[in-house]
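Handing you a structure now.
Letters A, B, C and D mark the chains in the order given here, with residues in each chain numbered from 1 onward.
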Amino acid sequence: MPLPWITVFLPWLGAAILAAIPQERLAVRANVAISALGCLCTLGLVAVPGGEQGWTRIDALNLPLVILGGVIGLTTAIFSAGHVRAEGFDTLRLRGYHAAFQIFLGAQALALLADNLGVMWVAIEIATLASVTMVALHGTPAALEAAWKLFLLCGVGIALALFGTIILYLAAQPFVGHGDHGLSWVVLRGLAARCDPGLLNLAFVFLLVGYGTKAGLVPLHAWLPDAEAEGPVAITAVLSGLLLNAALHAVLRAKAIVGSNPGTIAPGHLLLGFGLASVLLAAFSLWRRRDARRFFAWSSIGHIGLAATAFGLGGLAGNLAGLLHMIGHSLSKSAVFFAVGHAAQRKGSQQIAAIGGLIASDPALGWGLAIAIAAVAGLPPFLLFASEFLLVMEAAARLPWLLAPLLVGLVVAAIAKIGVLQRLCLGAPTPDARPPGPGLTTLGPLWVHLGLCLLLGLGLPGPLRALFDAAARIPG
Amino acid sequence: MSFGQLPYDVAHVLGGAMLLLSCMLLYQRRVAAVITALALQGGVLAAAAAWQGYVQGAPQLFLTALIALLAKAVLIPLALRLLVRRFDLDRTVETALGIGASMLAGIALVALAILVVLPVTGGAQAVAREDLALALSVVLLGMLMMITRRNAILQVVGLMSLENGLILAAVGVAGMPLVVELSTAALVLVVLVVGAVFLLMIRGEFASTDTGLVERHRGEAE
Amino acid sequence: MLRACCDVPLLHLTPRAIGSASERFRTFPVLSALGLVILAMLLLAVPAAYGGPERGWVGRLVHAGSLAGCVGFMAIAVAALLGGAPAPLPLPFGPPWGGARLALDALGAWFLLILGLAGALASLFALGHPPGPARSLVPYPLFLAGMALTLAAGDLFTLLLGFEAMSFASWALVAADHEQAENRHAARRYLGFALFAGACLAAAAGLLAAGAGALDFAALRERPPEGWRAAAILALVLAGAGAKAGMVPLHAWLPLAHPAAPSHVSALMSGAMTKVALYVLARFLFDLCGPAQPVWWGVPLLVLGVAGAVLGGLRANLEADTKTLLACSTIENIGLILAALGLALAFRGRDLGGLATLAAGAALLHALNHGVFKTLLFLAAGAVLHAAGSRRIDRLGGLIHAMPVTAACAMLGAGAAAALPPLSGFASEWLLLQSLLAAWKLGDITLQVLAAAALALVGMAVALAAAAMLRLIGLVFLGRPRTPRGAGAHEVGRLERAALVLAAALTLAFGLLPGALLDLAGPAVAQLAGAAPPRHGLGLLAGEGAAAYLPWLVALLLAACLLATWLLLRRRSPQATQRGPVWNGGFIDPPLVFGDPLTQPSAGGIAQPLRRMLGTSLLAAREVVDMPRPGEPRAGHYAASFRDPSEPFLLAPLARATDALAGRAERLRDFSLRQCLGLGFATLVLLLALIAWLEGG
Amino acid sequence: MMQALAAILTQLLHVALVVLAAPLLVGGIRWLKARMLGRRGASPLQPWRDLDKLLRKRPVLAENASAVSEVAPYLGFAACLTALALVPSFALGMALAPLADLLLVAGLLALARMALALTGLDVGTAFGGLGAAREMSFASFAEPALLVAALSFVMLAGSSNLDQIAAALRDGGFGLRISLALAAAAMLAVAVAENARIPVDNPATHLELTMVHEAMLLESSGRHLALWEAQAALRLTLWLALIVAIFLPFGIAPAGAGPLAWALGLLVWVVKMAGLALALAVFESAIAKMRVFRVPEFLGAALLLALLAAALLFVSTGLS
């Protein structure tokens, strides 16, 4: 079996095992072990020669995202190991939780690796179902509502995406003949120039609205804040860090196909519009948040919007900025969610007002959170600073009018984030509701993510540079 | 296949029937009648899939047809009826947009679907184009139904109708790979939604099936 | 743009960059040394994070290391000023798409010198202080390193990296004492402005780079922007660098943030960080935008600068907190420097090279002088805070008896801030006034009238600064103690005194030899003015055939007069002085041990004339006097307040707009699930209609 | 060589002259005012006598007075003397002429003002603080007026050096320029304010609520008070000499002229100063002191006059 397949099936196998383990200690360890194996697999993909393996294909665009998924999967599993007990699950739910987590990891890897658009669609559906399960796990009215919202909105979304996929095939059908490779991304991209531009336009609209819903682009974002705020604390990190990436990646693949036909209306501009709307709406919505996890969920919308704007601009630099932004967002935002989740468990509430003075009570956590929020706000020397800088450069060069809304969005959002940073981290500490859990399972992932952000932002290793450079050429 | 030939005519008639049924879904005032129309639409879809399987010589489409027939024409409508009877739901349709207005909107959507597909000429066969317009109309009408009905069951009906449109499009495209897998996966989605509604109603999370009323769990203290 | 960077196979670029970097290490020790010093500063933050017991050595290590680093900065800066600019040095790390590089030309070196001076003084002072908590020790060297990196940047990315790192690190310092709500408020506003500044500068950088297709300064200089692009860059840089420098109307953070930080950090923020922002402004507008910009470019700088000078000077007269007062004085001085820069820009646009060198020299010299004397004053305020336990003027007084050295040094610094000859402030303000007096040569009557008005307002600002400094010195060091705590003050420790004396000595020395300093700054002046400046030697020249200022001669004359008077009087009036009780207008002091503070002039009282004369119209100042009727036993009450115009006219509308927009955005959140679905549906239909329309049309 | 000697000689003569003349000028004005009010008045030599008496008295300082009270009188006096040494009186080309910059003179006066205000605040009495605050506030309005007034003649002379200005205006044949007249009026107003004369302040009053200058000196006595009084006299002389040198430069001996020209210059200077003193006395006798918070309006009017003068010059230079 080729390694990409193992990358997908290993977590699913793990899910089956985890679903059968009733003991909490064992399940938690098994979860970490399986995630670690999965992470190793993704790292191993570097050594696999690029190209097609059955219905999977590794190229420069999905490789970094898959590795990112492996790494964040592992760190989230570690974080989860220290925090799942406080969720108060019974055995059934615990088994469901771990199984859904691994299913989700496998599905998002598949969504990234799939060469066949149909497979990709199925993978995203599985990831959606897994995330619905995880969000609903607590069974509280708020959790159920969040899950229901996620389910229905994303269900409709991916149904539309399927329609887009069908139209895409319809456009290519006269040229491909029969066979499974008719939905292959590479084949479609090669054929796109000959396809009917009208059908491609139609397909792109459906794919954009469909996968855009999953990516949380405004105005299709309504499910995101609640879903990210109501599930178990650990899964928010993967929801925000990985699910959105997988969906945006799908949009990019569609854009690459449609964009390679010169007769289509520029798909980049549509993406740009969605991105800009997300950036602006998120920036202003941040100001009224009282719930810490919802706050950062909204910030995720803003970040995905920025990445979409960058990809919408397109070109090498634009795509590079978008890719870096996705990666930076995943790393730093999940770091924030680790710290916020830990603090929320400890304080017994995820209201911003209930969490305060973390620096005074726990300097390592408080400073880690402060720096992570600063990184999310785009302060140096982290990766998001570099990607936002590159985005602004590119916007100024290509569409100078874009600078005005972009700057408003960036500054307004950043100021709101600083306000929350100070309320969470500074001042006198608020009382703890329960004794703090094991700090290392929070601090380890938190600081590792920050370190990675720093490393990628300023000291990107040479091979990775080449990889990103190649990746930036793919979406066109 | 070209215009005027039997395969085209039959496919066209079946597609048209589906669109008609979609309009009926919008038009009906009683929940039971809506469910019946949905079952009918499922049946027509199964017929369309089977016809395409025959025309294209693709045996896997018969499988699709069978699944559609079983699930959409029989099982799910039955389940919905059970739900309505079990919870003694209000039998009349609660709308957010009047029936007349939603019919008008429906017509506008069909016009839009035709308008969008119209410029698609180069290379694509006329059949596929017509089919696409019909399927697109069904999809849009299904979505319209989802947003203009307050009743959760009717929203599920809308989603199913939407999904019927998808499958119609999928089976209409000659040589579409993975068509069975995809249609099954889409079906799984719908079934799960139905199941979720079922579960939620049993748990009493929906005080009423009006989804407008369950929106108050914001998780953010006011 | 950047396509050029991306097109290079990046994989191969990095090792080569490292290789060439190590080559350059041997050939250009100046930049390599600078890079190493910055690196060492960054590394200092690691031991500073040690939070265990017995932390005294950590503080000493950090501050001693910072001191050494700042001395290194000075040495490097002087070497670069004397030895010419070294070739840019590629760094072994950088952003994901290319390399970063260090460069140090005369302009950067001059500001590095300022940074080194202020940093060394502040570090020396802090060395004598008990170390603060780790949260102020860690960011301190990072703050210094960020500023140095900004000054030593060779491309726009590195510049912004350093700039924002500097903001972030100093935010941590402002928030160091975050248990107090007002400090958190100050920190939040501070970082908000810093983020705004960074965003504006990034946009300006983008517009600059868009024309040139590259980020390094050398390439940018070759393709200066034109037309609307240039105007947009001017506006963005003014907003960005101005917000960080404390330019009116973006100064609202400064009087809050500077006092909130520990005193040696306040000194650094006022003395060095605002200068770094001015450096960025000069770098963009003078250097990278090229010499071909029109005359009117100077006007916004001049207008905003002068407005800031008057506003800052006036506010300094009304504030009741020593460090806030000094922060407002910083606004005033930044305004003066900006006005000088604006004049230089206008002169350069009119091809008046000689006058441009005059104005640019005024700006650079004043930046240096302010960097030193404001550091001195903030350190003195810190010493007072440490010794007498308060920053509020109304809780201090009479400290000259307990803290003679601090008082003497503060008086020298205040004298320089008040532009008294022969101290340093006078020399640079003399240059500024000379260039304003010559501004009529710009020709255009509008500009001439503007310059005449600017002249008047600068004169007013200088006099206001003198009044503010008098108020500071007179109320803090003179008079009688106003509280028991203030009466129990003591002189600060040896190292702190050393820092103060050193700063005072520098203030005096810079005042006496401004010509030599200006000659040292010659290459930087030439870079700004686009013309070679004359050599000044021992004095200052206002140009061919114009006036000259010879401070050492003035000092000599003054000393001679003093000596002569003293000798004469010693013979004519030999009697020793006698001490007697104070005559206080017939008022007898209540029998309190320390006198009653109410019989002394208060901070609000001294401010009263200016508050009434200028404050009511410019700052909406108000006085409320509650006078009991005769026979009524209750105490009278007097309250005065004012409001900075940037609050009601800039910040409040912005806050309202944000809030209104947030409210609008919030309405979307009230959508039910069905409405959310409808939103998605509407989007889909809209897009379909859009493509139908586009394809049909 | 001869020239250098002559320059040094004129400089020394100038210093001696102004030091001697300053108290006389104050006394003279007092005498003139008394005469105009129908009193006999003290002799013009009275200030000299006062100074002599004060020097012989033992100075008393407050218990909590600091070194400032002892040093500031010397500093203020020295600063004023230095400034006065720079303003040409009867001859141009004095040894210190290259130093005689108008801005420096203003700076030295500010130094003296600061010394005085610090003395006012040194012991922490209410009146000292009041006087100091008012003095510094007035300066905030006087300085802009002075600078803008200076702009006019700096434009004409091309330099802010007093020696060069006097030379340029004396030789330049600028005639009776309206802008110069306006600038002169502005300078006079500034001079009145800077010297604490009526209508800005009353040098003779000791009514606490209205006084500015005297309020700061309440704690001074003996030689300290003598120094302050002498400083005030020097300052008045300086301002009158400044106005004479700039606006009435005729008759002044040019650089390098011989003793005969000096004598003539001296004569003319004495006449001009006497005339100005007379004008000041008349002015002070004719009007009343104004309220403290009207002073900004008074100086603001001066500033406007000066701006008008400058604007007229802009127009005329623009036309030519």
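The rule is short, and it goes like this: contacts are C-beta pairs under 8 Å (C-beta built on N, C-alpha and C of every residue); 3 or more make two chains touch, one makes a residue touch a chain.
All values reported here derive from a predicted model rather than from experimental measurement.
Comparing chain pairs B-C and C-D, the larger number of C-beta contacts belongs to C-D. Taking the mean of each chain's C-alpha atoms as its centre, the chain lying closest to the overall protein C-alpha centroid is C. In this assembly, the C-alpha centroid of chain A lies 77 Å from the C-alpha centroid of chain D.
The centroid of the Cα atoms in chain B and the matching centroid in chain C are 67 Å apart.
Distance between chain C and chain D, defined via averaged C-alpha coordinates, is recorded as 36 Å. Centre-to-centre, using mean CA coordinates, chain B is 98 Å away from chain D. The residues of chain B that reach two or more other chains are 116, 119, 143, 146, 155, 214-215, 218, listed in rising order.
Across the assembly, chain C contributes 669, 673, 677, 684, 688, 691, 695 as residues in contact with two or more other chains.
In chain A, 148, 152, 156, 160, 198, 202 are the positions where the chain touches two or more neighbouring chains simultaneously. Chain pairs that touch one another, listed by label: A-B, A-C, B-C, C-D. Here chain A touches chain B in the complex through residues 116, 118-119, 121-122, 125, 129, 141-142, 144-146, 148, 151-152, 155-156, 158-160, 162-163, 165-167, 169-171, 173-174, 176-183, 194-196, 198-199, 202, 226, 229-230, 289-291, 294, 351, going by the rule given at the top.
Across the interface of their complex, chain D is touched by residues 397-398, 400-401, 415, 418-421, 426, 430, 433-434, 437, 440, 443, 445, 448-449, 452-453, 455-460, 462-464, 466-467, 470-471, 473-475, 478-480, 542, 545-550, 553-554, 557-558, 561-562, 565-566, 569, 572-573, 575-585, 587, 595, 599-601, 605-610, 612-614 of chain C. By the touch criterion stated above, chain C contacts chain A in their complex at residues 1-3, 6-7, 9-11, 13-15, 51, 93-97, 134-135, 157, 160-161, 164-165, 167-168, 175, 178-179, 181, 184, 187-188, 191-192, 195-196, 199-200, 202-203, 205-207, 209-210, 213, 215, 229, 232, 658-659, 661-666, 668-669, 671, 673, 676-677, 679-680, 683-684, 687-688, 691, 694-695.
Within the complex formed with chain C, the chain A residues making contact are 148-149, 152-153, 156-157, 160, 198, 201-202, 205-206, 208-209, 213, 219-220, 222-223, 225, 265, 270, 281, 284-288, 315-317, 320, 324, 359-360, 363, 367, 374, 377-381, 383, 385-390, 392-397, 400, 403, 407, 410-412, 414-415, 418-419, 422, 426-428, 456-463, 465-466, 468-469, 472.
Those residues of chain B that touch chain A in the complex are listed here as 116-117, 119-125, 128, 132, 135-136, 139, 143, 146, 155, 159, 162-163, 165-166, 169-170, 173-178, 181-182, 185-186, 188-189, 192-193, 196, 200, 203, 205, 214-215, 217-221.
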